[in-house]
Amino acid sequence: MNIKQSPSALPLNELLEKFSDQLAFISGPADVQIRGLSQPKEASPEDLIVLSEKSHLEEALKSASRIWLLPPALLTDRLKQENRTLLSAAQPKLLLSKIAKAYFRPTDHQIPVGSERIHPTAAIDPSARLGKDVTVGPFAVIGKECVIEDGVVIGAGAVLEPRVHLGRRCHIHPQVFIGHDCELGEECEIKPQAVLGGEGFGYATDPKTLSHHRITHFGRVVLGKRVHIGSGTTIDRGTFSDSFIDDETKIDNLCHFGHNIEIGKATIVTGGVIAAGSVKIGSGCVFGGGTCIAGHLEITDRVHIGGFSGVTKSVLQPGAYGGYPLQPLKEYLRTASSLPSLPKIRKELSQLRQHIFGKEQE
Amino acid sequence: MNIKQSPSALPLNELLEKFSDQLAFISGPADVQIRGLSQPKEASPEDLIVLSEKSHLEEALKSASRIWLLPPALLTDRLKQENRTLLSAAQPKLLLSKIAKAYFRPTDHQIPVGSERIHPTAAIDPSARLGKDVTVGPFAVIGKECVIEDGVVIGAGAVLEPRVHLGRRCHIHPQVFIGHDCELGEECEIKPQAVLGGEGFGYATDPKTLSHHRITHFGRVVLGKRVHIGSGTTIDRGTFSDSFIDDETKIDNLCHFGHNIEIGKATIVTGGVIAAGSVKIGSGCVFGGGTCIAGHLEITDRVHIGGFSGVTKSVLQPGAYGGYPLQPLKEYLRTASSLPSLPKIRKELSQLRQHIFGKEQE
Amino acid sequence: MNIKQSPSALPLNELLEKFSDQLAFISGPADVQIRGLSQPKEASPEDLIVLSEKSHLEEALKSASRIWLLPPALLTDRLKQENRTLLSAAQPKLLLSKIAKAYFRPTDHQIPVGSERIHPTAAIDPSARLGKDVTVGPFAVIGKECVIEDGVVIGAGAVLEPRVHLGRRCHIHPQVFIGHDCELGEECEIKPQAVLGGEGFGYATDPKTLSHHRITHFGRVVLGKRVHIGSGTTIDRGTFSDSFIDDETKIDNLCHFGHNIEIGKATIVTGGVIAAGSVKIGSGCVFGGGTCIAGHLEITDRVHIGGFSGVTKSVLQPGAYGGYPLQPLKEYLRTASSLPSLPKIRKELSQLRQHIFGKEQE
């Protein structure tokens, strides 16, 4: 853990008070200061470490950390007898993410150069409206009539075309592109070099000349609250209606979603997923990395699709799927495990046919 | 349709005159103004809507729009008797794309900040030559001896290395990179964060040390006219000769084409296609999303390759293909539909062998 | 070869002296000047061309070039009798890459605008330390306490967050993003629009609300010496420990490596490879384009994985592999060549079952 952390020392009492509904003090010294968060291997004595599974115990016992956070199931009498500060939470990893965000998340890179919140080199149109506590990095561009609500961070070199609306506390990382008229809900996080609201890939082909004429895209990209868009990911604007991604959906790096996409709430899309236009995806879905989705399909709620799958038909039943062609996951796993036997199957079938029908068989 | 459109009102007469060779007035009120383009569902009475297939009729009949554009085949007597303005074109979608471009395409985002065509912050080398009516966004970089012809738009934060040549009316969106000496024909459109003319991925490995020495790439990237390159797409420069993409070819987002690529005219490449170096692709091809193409292959004209396919051999006959390994499309579809039966095939074959040869068979 | 090359003329003697350990003069005129490097087809008489295989001879004999570099095996008496300058090296391509780097590599694009090494528009925090002979392009951002060692080139619009450390002669191309605290060894090359050190895609899901809480990532991205990262490629920072890529490893465009990745020395990763988090890859590996790698796997040294493969299990034996599911390459090639026969297998098996068991069989 080499990164500058915010507090020099966080009194345990403060932490217990803030998260009193989720965090319990169990045993050991109570009057301690937490100086950082760490994994067991690299921890200092005053770093808090988290154990969420029994298999982590062995490594933790070798750790220098004296402050442990673990679920009730791992709290043994033996551990309590040792002289460590033991804390307990039902969801230790979830709590860790909240503690990190509240106390330890590095933020000084949000003002990389100088000390002014709005870097003097940023090009901000006078008609743009900026709320309170907005941070704007060097060489960022904020177009005409943009509305930037309170607490937004806009990174260096980001480009916002006219009339972009950013909800409160959005974090737009450096070098992001957001096309004109797009709208983001509160606390969206857009990682470096994501591209929101480029024109869709729609052409009308002239049957005489075979030349392709681009269709102007009038729709926007609209994101709900707390949507995450990864680096290098591209979300195209809709043709007439908007491309829409609902609250809490998280999309990893290097994904592409074509025009008129619709995605529900709290769906997880991991790296390298490519989806053509007009795909409608439900809520609570999970997409494994490198999966491809053909255009104009519907994927209902709570569908989990394994990595490197090919989706060419709508998926209208919740459940787990995989493969190309896509199958229910259990069936796909049988297909996949049979595939290496195919040369043997081919050979044995040929032998069998020869045995039954005689030599003339191929 | 939430985006500011250019004209406040376009008289129908003006439209009929401009497209007199392709657009016919059929029936209904002739003295109308068109205030926007829309899809049926969201249209206002004065928005023009387009119907291209019979299946769209039902939705259109619920639309508020009073101005319809449709192909001759959909013009029924019943429609003509209703009090709507009916227009007809052989290719309604193609005409719509032309109407949008001529009258309704939003363009104010091309000058996102302030009112000067060439933003005062742009870094333009004095030796660069700019034509008439050139637009340059904030923080764009135009290197030494670049030649920018009339009507070009260069977006915010775009970087043009020395001696880039941009043909008339090219549209370089924000944050694009174009490497030194590259050349683009007229009316190319390069979407945000495309990368043209980076060095190719070529190494000579030292057999003693096993270290990889980069091969300097002296070739350029050369694009014909009206080539479209999507966001996040990378086209590497050639080793000695140029990487070349011919007129009217359109490449979607997040594609990669390695060094010494050659692509013919009017080929369509959809999102996420990865092609290694020295691939030669013909004219009038279509590549489905997520397809991978190995190096040093030739793909002839009018080849259509389905999405998520793997191309490892040259394709020398026009036609439709799919799968990995690649097969003619019809054969591939049979393979794909047989694949889920593989576990059953395996089991049945085993039973059959047991039946014929007895229990000792596996 | 349309690119401005550095020297107007390089005396052959100088070249022979510099590479005396690898380059031998064989026959023909010795008092010549080399004016460029070229491929045979486009060469001028004073361009050096390289032949590495016998099959290149025919094309070379049509070339205008009078200065040939070839391996000993291709040196025939007949060639020696003709009036050309013949040079010989055991590894002609490797030597060519060194000659190009030493004498012919274009570099003027490193200062695209004006003549100042550090462009006056760059935003450099006063606390950053820059070594000798550092080049910084227009609108580059160098954050607080960055350490930039001698001879580094930082391109236009690149963003370095605070405390980035760049080793000597690193070449950071335009529009690259490097997150806070990341560290690069000597002579790394980071191509335009690569993204190093974005936050990893890690979430803790609240089982009550199903909302996903982002896990703060405290690790860095650390690169060894002479690592190459392609355009559009994203390498996420680690959760607590660092994401690490060792010396001489080269990664092509549009690849993604998730948090806590570890890659050994001199591994080659070609375009479009997507790897989830916590993957550990050895040294001397080669990954074909478009391959997907699931999370938490280990791939040992000297593993070659074919293009468009899916890796879902650890690979603990060196060797060549391919396919999805992954198989040893030889076996995979048999599987792949059997796959198109699957519909025929299915049909023949059905016939056979009918023959044996009678009509009631499906």
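Just so it is clear, A, B and C label the chains in written order, and each chain counts residues from 1 on its own.
The rule is short, and it goes like this: a residue touches a chain if its C-beta (ideal position, glycine included) is under 8 Å from a C-beta of that chain, and two chains touch if they have at least 3 such contacts.
Predicted model, so just to flag it, every value in this text is computed and none were measured.
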Rotation in the CA alignment of chain A with chain B, degrees, nearest 5: 120
Interface residue identity across copies chain A, chain C - same or different by half: different
Euclidean distance of C-alpha centroids - chain A vs chain C, Å: 27
Multi-partner residues of chain B (at least 2 other chains): 121, 139, 157, 175, 193, 232, 254, 272, 337, 339, 342, 345, 349, 352, 356
Contact footprint of chain A on chain B as seen in their complex: 1-5, 37-39, 41-42, 91, 93-94, 96-98, 100-101, 104-106, 108-109, 112-114, 119, 121, 137-139, 155-157, 173-175, 189, 191-193, 226, 228, 230-232, 248, 250, 252-254, 266, 268, 270-272, 284, 288-290, 307-308, 336-337, 339-340, 342-343, 345-346, 349, 352-353, 356
Touching residues on chain C, where the partner in the complex is chain A: 121, 123-125, 139, 141-144, 157, 159-163, 175, 177, 179-181, 193, 195, 198-199, 201, 203-207, 210-216, 218-220, 232, 234, 236, 239-242, 254, 256, 258, 272, 274, 276, 292, 294, 310, 312, 323-325, 327, 331, 334-335, 337-339, 341-342, 345, 348-349, 352, 355-356
